[in-house]
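Okay, so chain A shows up in both of these, paired with chain B first and chain C after.
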Partner chain A sequence: MTNEEKISLIEDALEIEPSTLKPETLVGNISELDSMGKLTLIVLCDDEFNKKLTGEKLKEFNTVQDILDFMA
Partner chain B sequence: MNVIQVINEVFTSNTYVISNDNSDWVWLIDIGNLIGVLNTLSEKQQVRGVFITHPHYDHIYSINQLIELYPDCQVFASAQTSEGLYSAKLNLSFYHDFPIEFKGTDIKVLNEGATIELFDKYYLEAMKTPGHHWGCLSFRINNYLFTGDSYIPNFEVVTKLKGGNKEAALESLDRLKKNIKQDTIICPGHGKMQTMHEFSNKDK
Partner chain C sequence: MEGIYMADYLNLTNKRIMIAGVATGIGKTTAILLSELGADLILLDINVKELNETMALLKPGQHFSFPVDLSDILNIEKKVNGIIDISGSLDGFVYCVGIRSRRPLRMITPKVLSEVINLNFGAFLELTRCITKKNNFNSELSIVGISSIAASRGGAGVTAYAASKGAMESAVRCLAKEMAPKKIRINTVVPAQTNTPAYTALQNMAAADEDAILARQYLGLGEPLDVANVIAFLLSANSRLITGSAIPVDGGFLTS
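Take a look at the complex of A and B:
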(Lines of atoms letter the chains of each structure in order from A and count residues from 1; the text may use other names and numbers.)
(Lines give C-alpha, C1' and ligand atoms only; values in the text may rest on other atoms or scores of the structure.)
Protein backbone atom coordinates (compact mmCIF):
# COMPACT_ATOMS: atom_id res chain seq x y z
CA MET A 1 0.00 0.00 0.00
CA THR A 2 1.36 3.42 -0.91
CA ASN A 3 1.71 6.27 1.56
CA GLU A 4 -1.06 8.12 -0.29
CA GLU A 5 -3.40 5.17 0.18
CA LYS A 6 -2.51 4.93 3.87
CA ILE A 7 -3.13 8.65 4.34
CA SER A 8 -6.46 8.27 2.60
CA LEU A 9 -7.40 5.50 5.01
CA ILE A 10 -6.43 7.67 7.99
CA GLU A 11 -8.41 10.64 6.66
CA ASP A 12 -11.44 8.48 6.05
CA ALA A 13 -11.28 6.88 9.49
CA LEU A 14 -10.81 10.19 11.30
CA GLU A 15 -13.38 12.00 9.12
CA ILE A 16 -10.82 14.47 7.82
CA GLU A 17 -11.29 16.16 4.44
CA PRO A 18 -9.42 14.23 1.72
CA SER A 19 -5.93 15.50 0.83
CA THR A 20 -5.62 17.41 4.09
CA LEU A 21 -2.92 15.32 5.70
CA LYS A 22 0.68 15.30 4.46
CA PRO A 23 3.54 13.10 5.68
CA GLU A 24 5.04 16.15 7.37
CA THR A 25 1.82 17.12 9.18
CA LEU A 26 2.44 17.26 12.93
CA VAL A 27 0.38 14.71 14.83
CA GLY A 28 -0.21 17.32 17.53
CA ASN A 29 -1.94 19.56 14.97
CA ILE A 30 -4.58 16.97 14.01
CA SER A 31 -7.57 18.07 16.06
CA GLU A 32 -9.53 14.98 15.00
CA LEU A 33 -7.01 12.85 16.88
CA ASP A 34 -8.81 13.26 20.20
CA SER A 35 -9.40 10.30 22.51
CA MET A 36 -12.00 8.81 20.14
CA GLY A 37 -9.73 9.52 17.18
CA LYS A 38 -6.82 7.75 18.85
CA LEU A 39 -9.00 4.72 19.46
CA THR A 40 -10.08 4.84 15.81
CA LEU A 41 -6.43 4.90 14.67
CA ILE A 42 -5.60 1.98 16.97
CA VAL A 43 -8.47 -0.03 15.47
CA LEU A 44 -7.40 0.93 11.93
CA CYS A 45 -3.83 -0.29 12.54
CA ASP A 46 -5.16 -3.59 13.87
CA ASP A 47 -7.79 -4.13 11.16
CA GLU A 48 -5.85 -3.05 8.10
CA PHE A 49 -2.23 -3.68 9.03
CA ASN A 50 -2.42 -6.26 11.82
CA LYS A 51 -0.29 -3.94 13.96
CA LYS A 52 -1.00 -3.42 17.65
CA LEU A 53 -0.69 0.28 18.27
CA THR A 54 -0.69 1.31 21.92
CA GLY A 55 -1.44 4.65 23.51
CA GLU A 56 2.20 4.86 24.63
CA LYS A 57 3.48 4.24 21.11
CA LEU A 58 1.10 6.84 19.74
CA LYS A 59 2.62 9.44 22.04
CA GLU A 60 6.00 8.86 20.36
CA PHE A 61 4.67 9.86 16.93
CA ASN A 62 5.73 13.32 15.84
CA THR A 63 4.46 13.48 12.26
CA VAL A 64 2.07 11.58 10.02
CA GLN A 65 5.16 9.96 8.47
CA ASP A 66 5.77 8.22 11.82
CA ILE A 67 2.29 6.72 11.61
CA LEU A 68 2.90 5.62 8.02
CA ASP A 69 6.21 4.00 8.99
CA PHE A 70 4.48 2.14 11.83
CA MET A 71 1.83 0.85 9.43
CA ALA A 72 4.43 -0.46 6.96
CA MET B 1 -42.28 4.56 37.23
CA ASN B 2 -38.91 5.63 38.61
CA VAL B 3 -35.69 6.12 36.68
CA ILE B 4 -32.34 6.30 38.47
CA GLN B 5 -29.17 7.30 36.65
CA VAL B 6 -25.96 5.46 37.55
CA ILE B 7 -22.77 7.08 36.28
CA ASN B 8 -20.23 4.45 35.32
CA GLU B 9 -16.49 4.56 35.90
CA VAL B 10 -15.52 3.87 32.27
CA PHE B 11 -15.90 7.06 30.23
CA THR B 12 -18.63 8.22 32.66
CA SER B 13 -21.26 6.44 30.59
CA ASN B 14 -24.74 6.07 32.06
CA THR B 15 -26.71 3.05 33.15
CA TYR B 16 -30.38 3.66 33.97
CA VAL B 17 -32.32 1.64 36.53
CA ILE B 18 -36.06 1.58 35.85
CA SER B 19 -38.36 0.50 38.64
CA ASN B 20 -41.96 0.68 39.67
CA ASP B 21 -43.29 1.04 43.21
CA ASN B 22 -45.51 -2.04 42.87
CA SER B 23 -42.91 -4.40 41.36
CA ASP B 24 -40.09 -6.51 42.76
CA TRP B 25 -38.08 -6.24 39.57
CA VAL B 26 -36.18 -3.54 37.72
CA TRP B 27 -34.99 -3.10 34.16
CA LEU B 28 -31.71 -1.61 33.01
CA ILE B 29 -30.70 0.48 30.06
CA ASP B 30 -27.07 -0.53 29.41
CA ILE B 31 -24.84 -2.10 32.01
CA GLY B 32 -21.66 -0.38 33.09
CA ASN B 33 -20.87 -0.45 36.78
CA LEU B 34 -22.81 -3.31 38.40
CA ILE B 35 -21.99 -2.19 41.95
CA GLY B 36 -23.53 1.17 41.16
CA VAL B 37 -26.71 -0.58 40.01
CA LEU B 38 -26.86 -2.86 43.06
CA ASN B 39 -26.55 0.16 45.34
CA THR B 40 -29.86 1.46 43.98
CA LEU B 41 -31.81 -1.77 44.58
CA SER B 42 -33.83 -2.76 47.61
CA GLU B 43 -33.33 -6.25 49.06
CA LYS B 44 -36.32 -7.68 47.24
CA GLN B 45 -35.60 -6.14 43.82
CA GLN B 46 -34.12 -8.28 41.04
CA VAL B 47 -32.88 -7.26 37.60
CA ARG B 48 -35.31 -8.75 35.10
CA GLY B 49 -33.65 -7.51 31.94
CA VAL B 50 -31.21 -5.13 30.30
CA PHE B 51 -31.70 -3.19 27.09
CA ILE B 52 -28.42 -2.44 25.32
CA THR B 53 -28.27 0.77 23.29
CA HIS B 54 -25.10 -0.26 21.43
CA PRO B 55 -22.15 -2.60 22.01
CA HIS B 56 -19.32 -0.20 22.87
CA TYR B 57 -17.65 -1.53 25.95
CA ASP B 58 -18.35 1.43 28.21
CA HIS B 59 -22.05 0.52 27.89
CA ILE B 60 -21.73 -3.23 28.45
CA TYR B 61 -18.69 -3.92 30.60
CA SER B 62 -20.44 -5.66 33.51
CA ILE B 63 -22.78 -7.76 31.37
CA ASN B 64 -21.19 -11.08 32.35
CA GLN B 65 -21.27 -10.28 36.07
CA LEU B 66 -24.89 -9.20 35.69
CA ILE B 67 -25.88 -12.52 34.15
CA GLU B 68 -23.89 -14.45 36.75
CA LEU B 69 -25.78 -12.66 39.51
CA TYR B 70 -29.17 -12.81 37.79
CA PRO B 71 -29.17 -15.89 35.51
CA ASP B 72 -32.77 -15.20 34.44
CA CYS B 73 -31.97 -11.65 33.38
CA GLN B 74 -32.97 -11.13 29.74
CA VAL B 75 -30.66 -9.28 27.37
CA PHE B 76 -32.27 -7.20 24.61
CA ALA B 77 -30.30 -5.68 21.73
CA SER B 78 -30.29 -5.13 18.00
CA ALA B 79 -28.83 -7.85 15.76
CA GLN B 80 -25.68 -5.80 15.12
CA THR B 81 -25.22 -5.08 18.81
CA SER B 82 -25.65 -8.78 19.59
CA GLU B 83 -22.76 -9.51 17.25
CA GLY B 84 -20.67 -6.90 19.06
CA LEU B 85 -21.44 -8.38 22.47
CA TYR B 86 -19.69 -11.59 21.40
CA SER B 87 -16.61 -9.89 19.91
CA ALA B 88 -14.07 -7.94 21.95
CA LYS B 89 -12.81 -6.33 18.76
CA LEU B 90 -16.26 -5.17 17.68
CA ASN B 91 -17.17 -3.82 21.12
CA LEU B 92 -13.69 -2.21 21.30
CA SER B 93 -12.82 -3.72 24.70
CA PHE B 94 -9.97 -5.57 22.94
CA TYR B 95 -8.15 -2.25 22.66
CA HIS B 96 -8.37 -1.60 26.40
CA ASP B 97 -7.22 -3.48 29.46
CA PHE B 98 -10.06 -5.95 29.79
CA PRO B 99 -11.50 -7.72 26.74
CA ILE B 100 -15.21 -8.47 27.15
CA GLU B 101 -17.14 -11.15 25.30
CA PHE B 102 -20.64 -12.05 26.40
CA LYS B 103 -20.75 -15.53 27.92
CA GLY B 104 -24.52 -15.92 27.74
CA THR B 105 -26.27 -17.66 24.88
CA ASP B 106 -29.62 -15.91 24.76
CA ILE B 107 -30.01 -12.39 23.37
CA LYS B 108 -33.45 -11.23 22.40
CA VAL B 109 -33.08 -9.27 19.18
CA LEU B 110 -35.12 -6.09 18.96
CA ASN B 111 -36.20 -4.56 15.68
CA GLU B 112 -37.70 -1.18 14.90
CA GLY B 113 -40.95 -0.68 16.78
CA ALA B 114 -40.53 -3.71 19.05
CA THR B 115 -42.56 -3.25 22.22
CA ILE B 116 -41.90 -4.88 25.58
CA GLU B 117 -44.13 -4.61 28.63
CA LEU B 118 -41.97 -3.63 31.58
CA PHE B 119 -44.63 -3.17 34.24
CA ASP B 120 -48.43 -3.11 34.19
CA LYS B 121 -49.34 -0.49 31.56
CA TYR B 122 -45.72 0.59 31.06
CA TYR B 123 -44.22 -0.33 27.71
CA LEU B 124 -40.78 0.16 26.18
CA GLU B 125 -40.60 0.84 22.46
CA ALA B 126 -37.40 0.34 20.47
CA MET B 127 -36.28 2.73 17.74
CA LYS B 128 -33.40 2.07 15.38
CA THR B 129 -31.04 5.04 15.50
CA PRO B 130 -27.87 4.00 13.64
CA GLY B 131 -24.98 6.38 13.11
CA HIS B 132 -22.82 6.32 16.23
CA HIS B 133 -22.84 2.57 15.63
CA TRP B 134 -24.88 0.67 13.04
CA GLY B 135 -26.62 -1.29 15.80
CA CYS B 136 -27.73 1.68 17.90
CA LEU B 137 -31.18 1.52 19.44
CA SER B 138 -32.99 4.21 21.39
CA PHE B 139 -35.82 3.35 23.77
CA ARG B 140 -38.96 5.23 24.65
CA ILE B 141 -40.99 4.61 27.79
CA ASN B 142 -43.82 7.11 28.23
CA ASN B 143 -42.12 10.50 28.30
CA TYR B 144 -38.64 9.07 28.88
CA LEU B 145 -36.36 8.75 25.86
CA PHE B 146 -33.15 6.73 26.29
CA THR B 147 -30.90 7.78 23.46
CA GLY B 148 -27.59 6.05 24.22
CA ASP B 149 -24.87 7.77 22.22
CA SER B 150 -27.23 8.52 19.31
CA TYR B 151 -28.15 11.81 20.91
CA ILE B 152 -26.23 13.55 23.68
CA PRO B 153 -27.64 17.08 23.89
CA ASN B 154 -25.07 19.79 23.17
CA PHE B 155 -22.56 17.28 21.77
CA GLU B 156 -21.98 16.19 18.20
CA VAL B 157 -22.62 12.49 17.60
CA VAL B 158 -19.33 10.60 17.40
CA THR B 159 -19.28 8.63 14.15
CA LYS B 160 -15.62 7.86 13.56
CA LEU B 161 -15.52 4.68 15.64
CA LYS B 162 -15.93 1.35 13.89
CA GLY B 163 -19.53 0.93 12.73
CA GLY B 164 -20.17 4.67 12.67
CA ASN B 165 -21.75 6.59 9.81
CA LYS B 166 -22.20 10.35 9.70
CA GLU B 167 -25.16 10.45 7.30
CA ALA B 168 -27.04 7.79 9.26
CA ALA B 169 -26.33 9.68 12.48
CA LEU B 170 -27.89 12.84 11.09
CA GLU B 171 -30.98 10.95 9.93
CA SER B 172 -31.31 9.30 13.33
CA LEU B 173 -30.91 12.64 15.06
CA ASP B 174 -33.74 14.06 12.96
CA ARG B 175 -35.97 11.10 13.83
CA LEU B 176 -35.18 11.41 17.53
CA LYS B 177 -35.80 15.13 17.61
CA LYS B 178 -39.20 14.61 16.01
CA ASN B 179 -40.05 12.37 18.96
CA ILE B 180 -39.00 14.93 21.55
CA LYS B 181 -41.53 17.22 23.18
CA GLN B 182 -40.87 19.87 25.79
CA ASP B 183 -41.72 17.44 28.62
CA THR B 184 -39.70 14.55 27.18
CA ILE B 185 -37.00 13.48 29.62
CA ILE B 186 -33.91 12.74 27.59
CA CYS B 187 -31.68 10.07 29.12
CA PRO B 188 -28.46 10.05 27.10
CA GLY B 189 -25.59 7.58 27.21
CA HIS B 190 -23.34 10.22 28.77
CA GLY B 191 -24.22 13.36 30.70
CA LYS B 192 -27.30 14.46 32.60
CA MET B 193 -30.88 13.32 32.13
CA GLN B 194 -33.06 16.37 31.63
CA THR B 195 -36.16 17.55 29.85
CA MET B 196 -35.72 19.21 26.49
CA HIS B 197 -37.04 22.36 28.15
CA GLU B 198 -34.14 22.30 30.64
CA PHE B 199 -31.57 21.64 27.92
CA SER B 200 -32.99 24.51 25.89
CA ASN B 201 -32.81 26.90 28.83
CA LYS B 202 -29.20 25.93 29.45
CA ASP B 203 -28.35 27.00 25.92
CA LYS B 204 -29.74 30.48 26.43
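Take a look at the complex of A and C:
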Protein backbone atom coordinates (compact mmCIF):
# COMPACT_ATOMS: atom_id res chain seq x y z
CA MET A 1 0.00 0.00 0.00
CA THR A 2 1.37 3.44 -0.91
CA ASN A 3 1.76 6.26 1.62
CA GLU A 4 -1.05 8.14 -0.14
CA GLU A 5 -3.38 5.17 0.30
CA LYS A 6 -2.44 4.84 3.97
CA ILE A 7 -3.03 8.56 4.58
CA SER A 8 -6.37 8.26 2.87
CA LEU A 9 -7.31 5.37 5.21
CA ILE A 10 -6.30 7.42 8.26
CA GLU A 11 -8.24 10.47 7.05
CA ASP A 12 -11.29 8.38 6.38
CA ALA A 13 -11.17 6.62 9.78
CA LEU A 14 -10.62 9.87 11.70
CA GLU A 15 -13.13 11.82 9.56
CA ILE A 16 -10.53 14.33 8.42
CA GLU A 17 -11.02 16.19 5.11
CA PRO A 18 -9.25 14.32 2.27
CA SER A 19 -5.73 15.53 1.36
CA THR A 20 -5.33 17.35 4.68
CA LEU A 21 -2.62 15.15 6.18
CA LYS A 22 0.97 15.18 4.90
CA PRO A 23 3.78 12.86 5.97
CA GLU A 24 5.39 15.83 7.76
CA THR A 25 2.19 16.79 9.66
CA LEU A 26 2.86 16.76 13.41
CA VAL A 27 0.77 14.13 15.24
CA GLY A 28 0.26 16.62 18.07
CA ASN A 29 -1.49 19.00 15.63
CA ILE A 30 -4.18 16.51 14.58
CA SER A 31 -7.15 17.58 16.71
CA GLU A 32 -9.15 14.52 15.64
CA LEU A 33 -6.62 12.34 17.47
CA ASP A 34 -8.39 12.60 20.83
CA SER A 35 -8.89 9.50 23.00
CA MET A 36 -11.48 7.95 20.65
CA GLY A 37 -9.32 9.01 17.68
CA LYS A 38 -6.34 7.20 19.18
CA LEU A 39 -8.49 4.12 19.76
CA THR A 40 -9.63 4.35 16.13
CA LEU A 41 -6.02 4.43 14.93
CA ILE A 42 -5.15 1.41 17.12
CA VAL A 43 -8.08 -0.56 15.68
CA LEU A 44 -7.19 0.57 12.14
CA CYS A 45 -3.60 -0.71 12.50
CA ASP A 46 -4.94 -4.03 13.78
CA ASP A 47 -7.71 -4.46 11.17
CA GLU A 48 -5.84 -3.27 8.06
CA PHE A 49 -2.19 -4.03 8.81
CA ASN A 50 -2.36 -6.69 11.54
CA LYS A 51 -0.10 -4.48 13.69
CA LYS A 52 -0.63 -4.12 17.44
CA LEU A 53 -0.23 -0.44 18.19
CA THR A 54 0.03 0.38 21.91
CA GLY A 55 -0.57 3.63 23.76
CA GLU A 56 3.12 3.84 24.61
CA LYS A 57 4.15 3.41 20.97
CA LEU A 58 1.60 5.99 19.85
CA LYS A 59 3.12 8.56 22.21
CA GLU A 60 6.48 8.13 20.45
CA PHE A 61 5.06 9.16 17.07
CA ASN A 62 6.17 12.64 16.07
CA THR A 63 4.85 12.98 12.51
CA VAL A 64 2.35 11.21 10.26
CA GLN A 65 5.37 9.57 8.59
CA ASP A 66 6.01 7.69 11.86
CA ILE A 67 2.47 6.27 11.68
CA LEU A 68 3.00 5.29 8.02
CA ASP A 69 6.30 3.58 8.87
CA PHE A 70 4.62 1.64 11.68
CA MET A 71 1.89 0.44 9.30
CA ALA A 72 4.42 -0.73 6.72
CA MET B 1 -33.47 -26.79 59.87
CA GLU B 2 -33.71 -26.16 56.13
CA GLY B 3 -30.72 -24.83 54.23
CA ILE B 4 -27.06 -25.65 54.07
CA TYR B 5 -24.79 -25.11 57.03
CA MET B 6 -21.77 -22.93 56.42
CA ALA B 7 -19.73 -25.73 57.98
CA ASP B 8 -20.27 -27.59 54.71
CA TYR B 9 -19.06 -24.52 52.90
CA LEU B 10 -18.12 -25.07 49.32
CA ASN B 11 -17.71 -28.77 49.15
CA LEU B 12 -18.06 -29.64 45.46
CA THR B 13 -17.10 -33.31 45.75
CA ASN B 14 -18.85 -35.48 43.15
CA LYS B 15 -20.05 -32.37 41.28
CA ARG B 16 -19.38 -32.49 37.54
CA ILE B 17 -18.79 -28.99 36.25
CA MET B 18 -18.12 -27.75 32.72
CA ILE B 19 -16.02 -24.60 32.32
CA ALA B 20 -15.75 -22.88 28.94
CA GLY B 21 -12.75 -20.58 28.50
CA VAL B 22 -9.92 -21.76 30.77
CA ALA B 23 -6.78 -20.56 28.98
CA THR B 24 -6.07 -17.57 31.21
CA GLY B 25 -7.43 -15.25 33.86
CA ILE B 26 -10.71 -15.90 35.64
CA GLY B 27 -11.53 -19.17 33.82
CA LYS B 28 -8.14 -20.72 34.56
CA THR B 29 -8.22 -19.69 38.23
CA THR B 30 -11.80 -20.95 38.56
CA ALA B 31 -10.82 -24.35 37.15
CA ILE B 32 -7.97 -24.74 39.65
CA LEU B 33 -10.13 -23.61 42.59
CA LEU B 34 -13.03 -25.93 41.71
CA SER B 35 -10.67 -28.89 41.43
CA GLU B 36 -9.34 -28.04 44.90
CA LEU B 37 -12.93 -28.06 46.18
CA GLY B 38 -13.35 -31.61 44.90
CA ALA B 39 -15.23 -31.08 41.63
CA ASP B 40 -14.76 -33.21 38.51
CA LEU B 41 -14.19 -30.86 35.60
CA ILE B 42 -14.78 -30.67 31.87
CA LEU B 43 -12.60 -27.93 30.43
CA LEU B 44 -13.30 -26.34 27.04
CA ASP B 45 -11.06 -23.92 25.17
CA ILE B 46 -10.03 -23.10 21.62
CA ASN B 47 -6.33 -22.93 22.60
CA VAL B 48 -5.02 -26.50 22.93
CA LYS B 49 -1.68 -25.57 24.48
CA GLU B 50 -3.19 -23.40 27.23
CA LEU B 51 -6.01 -25.92 27.74
CA ASN B 52 -3.41 -28.58 28.51
CA GLU B 53 -1.48 -26.19 30.78
CA THR B 54 -4.58 -25.53 32.87
CA MET B 55 -5.39 -29.27 32.97
CA ALA B 56 -1.92 -29.92 34.39
CA LEU B 57 -2.58 -27.50 37.26
CA LEU B 58 -5.76 -29.25 38.49
CA LYS B 59 -5.93 -31.28 41.68
CA PRO B 60 -6.56 -34.97 40.83
CA GLY B 61 -10.11 -35.88 39.85
CA GLN B 62 -12.11 -37.27 36.96
CA HIS B 63 -11.31 -34.38 34.62
CA PHE B 64 -11.70 -34.05 30.86
CA SER B 65 -10.54 -31.41 28.39
CA PHE B 66 -11.83 -30.75 24.89
CA PRO B 67 -10.56 -28.22 22.33
CA VAL B 68 -13.67 -26.44 21.05
CA ASP B 69 -14.17 -23.39 18.84
CA LEU B 70 -17.29 -21.88 20.38
CA SER B 71 -17.59 -19.24 17.66
CA ASP B 72 -18.69 -22.16 15.48
CA ILE B 73 -22.07 -21.84 17.14
CA LEU B 74 -24.02 -24.18 14.85
CA ASN B 75 -21.84 -27.12 15.87
CA ILE B 76 -22.02 -26.58 19.63
CA GLU B 77 -24.98 -28.92 20.11
CA LYS B 78 -23.25 -31.87 18.47
CA LYS B 79 -20.08 -31.17 20.48
CA VAL B 80 -21.90 -30.87 23.81
CA ASN B 81 -23.86 -34.06 23.28
CA GLY B 82 -20.67 -35.93 22.41
CA ILE B 83 -18.86 -34.55 25.45
CA ILE B 84 -21.66 -35.37 27.91
CA ASP B 85 -21.88 -38.87 26.46
CA ILE B 86 -18.31 -39.31 27.65
CA SER B 87 -18.32 -37.31 30.88
CA GLY B 88 -21.83 -37.90 32.20
CA SER B 89 -24.50 -35.31 33.04
CA LEU B 90 -23.62 -31.94 34.58
CA ASP B 91 -24.11 -30.32 37.98
CA GLY B 92 -22.60 -27.01 36.98
CA PHE B 93 -21.59 -24.87 34.02
CA VAL B 94 -19.39 -21.74 33.96
CA TYR B 95 -18.97 -19.54 30.89
CA CYS B 96 -15.74 -17.52 30.92
CA VAL B 97 -15.26 -17.01 27.18
CA GLY B 98 -15.22 -13.48 25.86
CA ILE B 99 -13.76 -10.98 23.43
CA ARG B 100 -12.81 -7.81 25.30
CA SER B 101 -13.70 -5.61 22.33
CA ARG B 102 -12.75 -1.93 22.53
CA ARG B 103 -13.72 0.12 19.49
CA PRO B 104 -15.32 3.45 18.70
CA LEU B 105 -18.69 3.17 16.94
CA ARG B 106 -17.18 4.06 13.56
CA MET B 107 -15.03 0.90 13.75
CA ILE B 108 -17.86 -1.44 14.82
CA THR B 109 -18.71 -2.99 11.47
CA PRO B 110 -21.52 -5.58 11.26
CA LYS B 111 -18.84 -8.29 11.08
CA VAL B 112 -17.17 -7.11 14.30
CA LEU B 113 -20.49 -6.73 16.09
CA SER B 114 -21.61 -10.20 15.13
CA GLU B 115 -18.30 -11.73 16.27
CA VAL B 116 -18.52 -10.07 19.70
CA ILE B 117 -22.22 -10.80 20.30
CA ASN B 118 -21.86 -14.32 18.92
CA LEU B 119 -18.99 -15.35 21.19
CA ASN B 120 -19.75 -13.30 24.33
CA PHE B 121 -23.48 -14.02 24.37
CA GLY B 122 -24.66 -16.35 21.59
CA ALA B 123 -22.39 -19.25 22.47
CA PHE B 124 -23.27 -18.87 26.16
CA LEU B 125 -26.97 -19.14 25.35
CA GLU B 126 -26.43 -22.05 22.97
CA LEU B 127 -24.36 -23.99 25.51
CA THR B 128 -27.01 -23.29 28.14
CA ARG B 129 -29.71 -24.53 25.75
CA CYS B 130 -27.83 -27.76 25.02
CA ILE B 131 -26.80 -28.45 28.62
CA THR B 132 -30.32 -27.95 29.99
CA LYS B 133 -31.82 -30.60 27.72
CA LYS B 134 -33.18 -33.68 29.42
CA ASN B 135 -30.53 -36.20 30.54
CA ASN B 136 -27.69 -33.69 30.09
CA PHE B 137 -27.94 -32.28 33.63
CA ASN B 138 -28.59 -33.39 37.17
CA SER B 139 -31.12 -31.89 39.58
CA GLU B 140 -29.94 -28.56 41.07
CA LEU B 141 -27.78 -27.66 38.10
CA SER B 142 -26.15 -24.25 38.63
CA ILE B 143 -25.02 -22.05 35.73
CA VAL B 144 -22.75 -19.01 36.04
CA GLY B 145 -21.84 -16.51 33.31
CA ILE B 146 -19.14 -13.87 33.57
CA SER B 147 -20.69 -10.47 32.94
CA SER B 148 -19.04 -7.08 33.44
CA ILE B 149 -19.69 -3.69 35.01
CA ALA B 150 -19.97 -2.56 31.37
CA ALA B 151 -23.41 -4.23 31.25
CA SER B 152 -24.86 -1.48 33.40
CA ARG B 153 -22.42 1.45 33.15
CA GLY B 154 -21.61 3.44 30.01
CA GLY B 155 -18.08 3.78 28.68
CA ALA B 156 -16.82 5.32 25.43
CA GLY B 157 -15.47 2.69 23.07
CA VAL B 158 -17.01 -0.37 24.73
CA THR B 159 -20.40 -0.41 22.97
CA ALA B 160 -20.23 -3.90 21.44
CA TYR B 161 -18.73 -5.49 24.55
CA ALA B 162 -21.20 -3.79 26.90
CA ALA B 163 -24.15 -4.80 24.71
CA SER B 164 -23.02 -8.44 24.73
CA LYS B 165 -22.76 -8.47 28.53
CA GLY B 166 -26.07 -6.63 28.90
CA ALA B 167 -27.65 -9.30 26.72
CA MET B 168 -26.21 -11.98 29.00
CA GLU B 169 -27.58 -10.37 32.17
CA SER B 170 -31.02 -9.82 30.63
CA ALA B 171 -31.18 -13.40 29.37
CA VAL B 172 -30.12 -14.78 32.75
CA ARG B 173 -32.99 -12.96 34.51
CA CYS B 174 -35.47 -14.57 32.11
CA LEU B 175 -33.88 -18.02 32.13
CA ALA B 176 -33.85 -18.11 35.94
CA LYS B 177 -37.64 -17.97 35.96
CA GLU B 178 -38.07 -20.25 32.98
CA MET B 179 -35.77 -22.97 34.34
CA ALA B 180 -36.71 -22.84 38.03
CA PRO B 181 -39.29 -25.64 37.64
CA LYS B 182 -36.47 -27.86 36.35
CA LYS B 183 -34.48 -27.06 39.52
CA ILE B 184 -31.87 -25.13 37.56
CA ARG B 185 -30.34 -21.93 38.91
CA ILE B 186 -28.53 -19.40 36.72
CA ASN B 187 -26.62 -16.24 37.71
CA THR B 188 -23.87 -13.93 36.54
CA VAL B 189 -20.88 -12.54 38.37
CA VAL B 190 -20.00 -8.96 37.54
CA PRO B 191 -16.29 -8.19 37.80
CA ALA B 192 -14.84 -4.72 37.43
CA GLN B 193 -11.15 -4.35 36.51
CA THR B 194 -9.42 -7.62 37.35
CA ASN B 195 -5.71 -8.42 37.12
CA THR B 196 -5.77 -10.68 34.04
CA PRO B 197 -3.89 -10.77 30.71
CA ALA B 198 -6.97 -9.18 29.09
CA TYR B 199 -6.72 -6.27 31.54
CA THR B 200 -3.02 -5.78 30.84
CA ALA B 201 -3.72 -5.76 27.10
CA LEU B 202 -6.35 -3.07 27.59
CA GLN B 203 -3.99 -0.97 29.70
CA ASN B 204 -1.63 -0.90 26.76
CA MET B 205 -4.24 0.80 24.62
CA ALA B 206 -4.22 4.54 24.33
CA ALA B 207 -7.72 5.40 25.44
CA ALA B 208 -7.67 3.36 28.64
CA ASP B 209 -7.75 5.86 31.51
CA GLU B 210 -7.14 3.26 34.20
CA ASP B 211 -6.42 5.72 37.02
CA ALA B 212 -9.93 7.15 36.67
CA ILE B 213 -11.45 3.67 36.63
CA LEU B 214 -9.52 2.52 39.69
CA ALA B 215 -10.50 5.71 41.54
CA ARG B 216 -14.10 4.47 41.32
CA GLN B 217 -13.08 0.91 42.10
CA TYR B 218 -12.13 2.01 45.60
CA LEU B 219 -11.15 -1.41 46.98
CA GLY B 220 -8.54 -1.63 44.22
CA LEU B 221 -7.80 -3.95 41.33
CA GLY B 222 -9.44 -7.38 41.63
CA GLU B 223 -7.62 -10.69 41.35
CA PRO B 224 -9.02 -13.65 39.36
CA LEU B 225 -9.41 -15.57 42.63
CA ASP B 226 -11.77 -12.89 43.98
CA VAL B 227 -14.13 -13.70 41.13
CA ALA B 228 -13.50 -17.47 41.22
CA ASN B 229 -14.48 -17.59 44.92
CA VAL B 230 -17.90 -16.13 44.13
CA ILE B 231 -18.35 -18.48 41.17
CA ALA B 232 -17.61 -21.44 43.45
CA PHE B 233 -20.20 -20.18 45.94
CA LEU B 234 -22.82 -19.82 43.19
CA LEU B 235 -22.12 -23.37 42.01
CA SER B 236 -22.53 -24.75 45.52
CA ALA B 237 -25.77 -25.63 47.31
CA ASN B 238 -25.02 -22.83 49.80
CA SER B 239 -26.40 -20.37 47.25
CA ARG B 240 -29.60 -22.36 46.67
CA LEU B 241 -31.84 -19.29 47.10
CA ILE B 242 -29.91 -17.15 44.60
CA THR B 243 -30.99 -17.17 40.95
CA GLY B 244 -31.38 -14.63 38.16
CA SER B 245 -28.90 -12.36 39.93
CA ALA B 246 -25.90 -10.37 38.75
CA ILE B 247 -23.49 -10.48 41.68
CA PRO B 248 -20.92 -7.66 41.66
CA VAL B 249 -17.29 -8.52 42.43
CA ASP B 250 -16.23 -4.99 41.65
CA GLY B 251 -14.27 -3.40 44.48
CA GLY B 252 -17.18 -1.02 44.99
CA PHE B 253 -17.30 0.28 41.41
CA LEU B 254 -21.05 0.00 40.93
CA THR B 255 -21.72 1.89 44.18
CA SER B 256 -19.37 4.80 43.54
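The rule is simple: the second predicted complex is superposed on the first by the 72 of 72 C-alpha atoms of A that agree within 3 Å, B and C clash if a C-alpha of one lies under 4 Å from a C-alpha of the other, contacts with A are read in each partner's own complex, and residues count from 1 in each chain.
Here, a residue touches a chain if its C-beta (ideal position, glycine included) is under 8 Å from a C-beta of that chain, and two chains touch if they have at least 3 such contacts.
Owing to the predicted nature of the structure, the values given are computational and were not obtained by experimental measurement.
Peer 1: Could you tell me if A:A13 is touching chain B, chain C, both of them or neither one (first, second, both, neither)?
Peer 2: Once the two structures are laid over each other on A, A:A13 reaches both partners.
Peer 1: Which chain, chain B or chain C, ends up touching more residues of chain A in the combined arrangement?
Peer 2: The partner that reaches more residues of chain A in the superposed model: C.
Peer 1: If you stack the two complexes on chain A, which partner ends up touching A:E32: first (chain B), second (chain C), both, or neither?
Peer 2: A:E32 sits against chain B, while chain C stays out of touch.
Peer 1: In the superposed arrangement, does A:I42 touch chain B (first), chain C (second), both or neither?
Peer 2: Touch status of A:I42: both partners.
Peer 1: Output check: A:E56 vs chain B and chain C. Expected answer is one of first, second, both, neither. What do you get?
Peer 2: So A:E56 only meets chain C here.
Peer 1: Output check: A:E4 vs chain B and chain C. Expected answer is one of first, second, both, neither. What do you get?
Peer 2: neither
Peer 1: Just which bits of chain A does chain B share with chain C as contact spots?
Peer 2: Residues 13, 15, 36, 39-40, 42-43, 47, which sit in both footprints.
Peer 1: Sort out for me which residues of chain B touch chain A in the complex.
Peer 2: Interface residues on chain B, with respect to chain A: 89, 92, 94-95, 158-162, 166.
Peer 1: Which residues of chain A touch chain C in their complex?
Peer 2: 13, 15, 35-36, 38-44, 47, 54-56, 58
Peer 1: Sort out for me which residues of chain A touch chain B in the complex.
Peer 2: Touching chain B: residues 13-15, 32, 36-37, 39-40, 42-43, 46-47 of chain A.
Peer 1: Applying the document's contact rule, which stretches of chain C touch chain A when the two form their complex?
Peer 2: Going by the criterion above, the answer is residues 102-104, 106-107, 156-157, 204-209.
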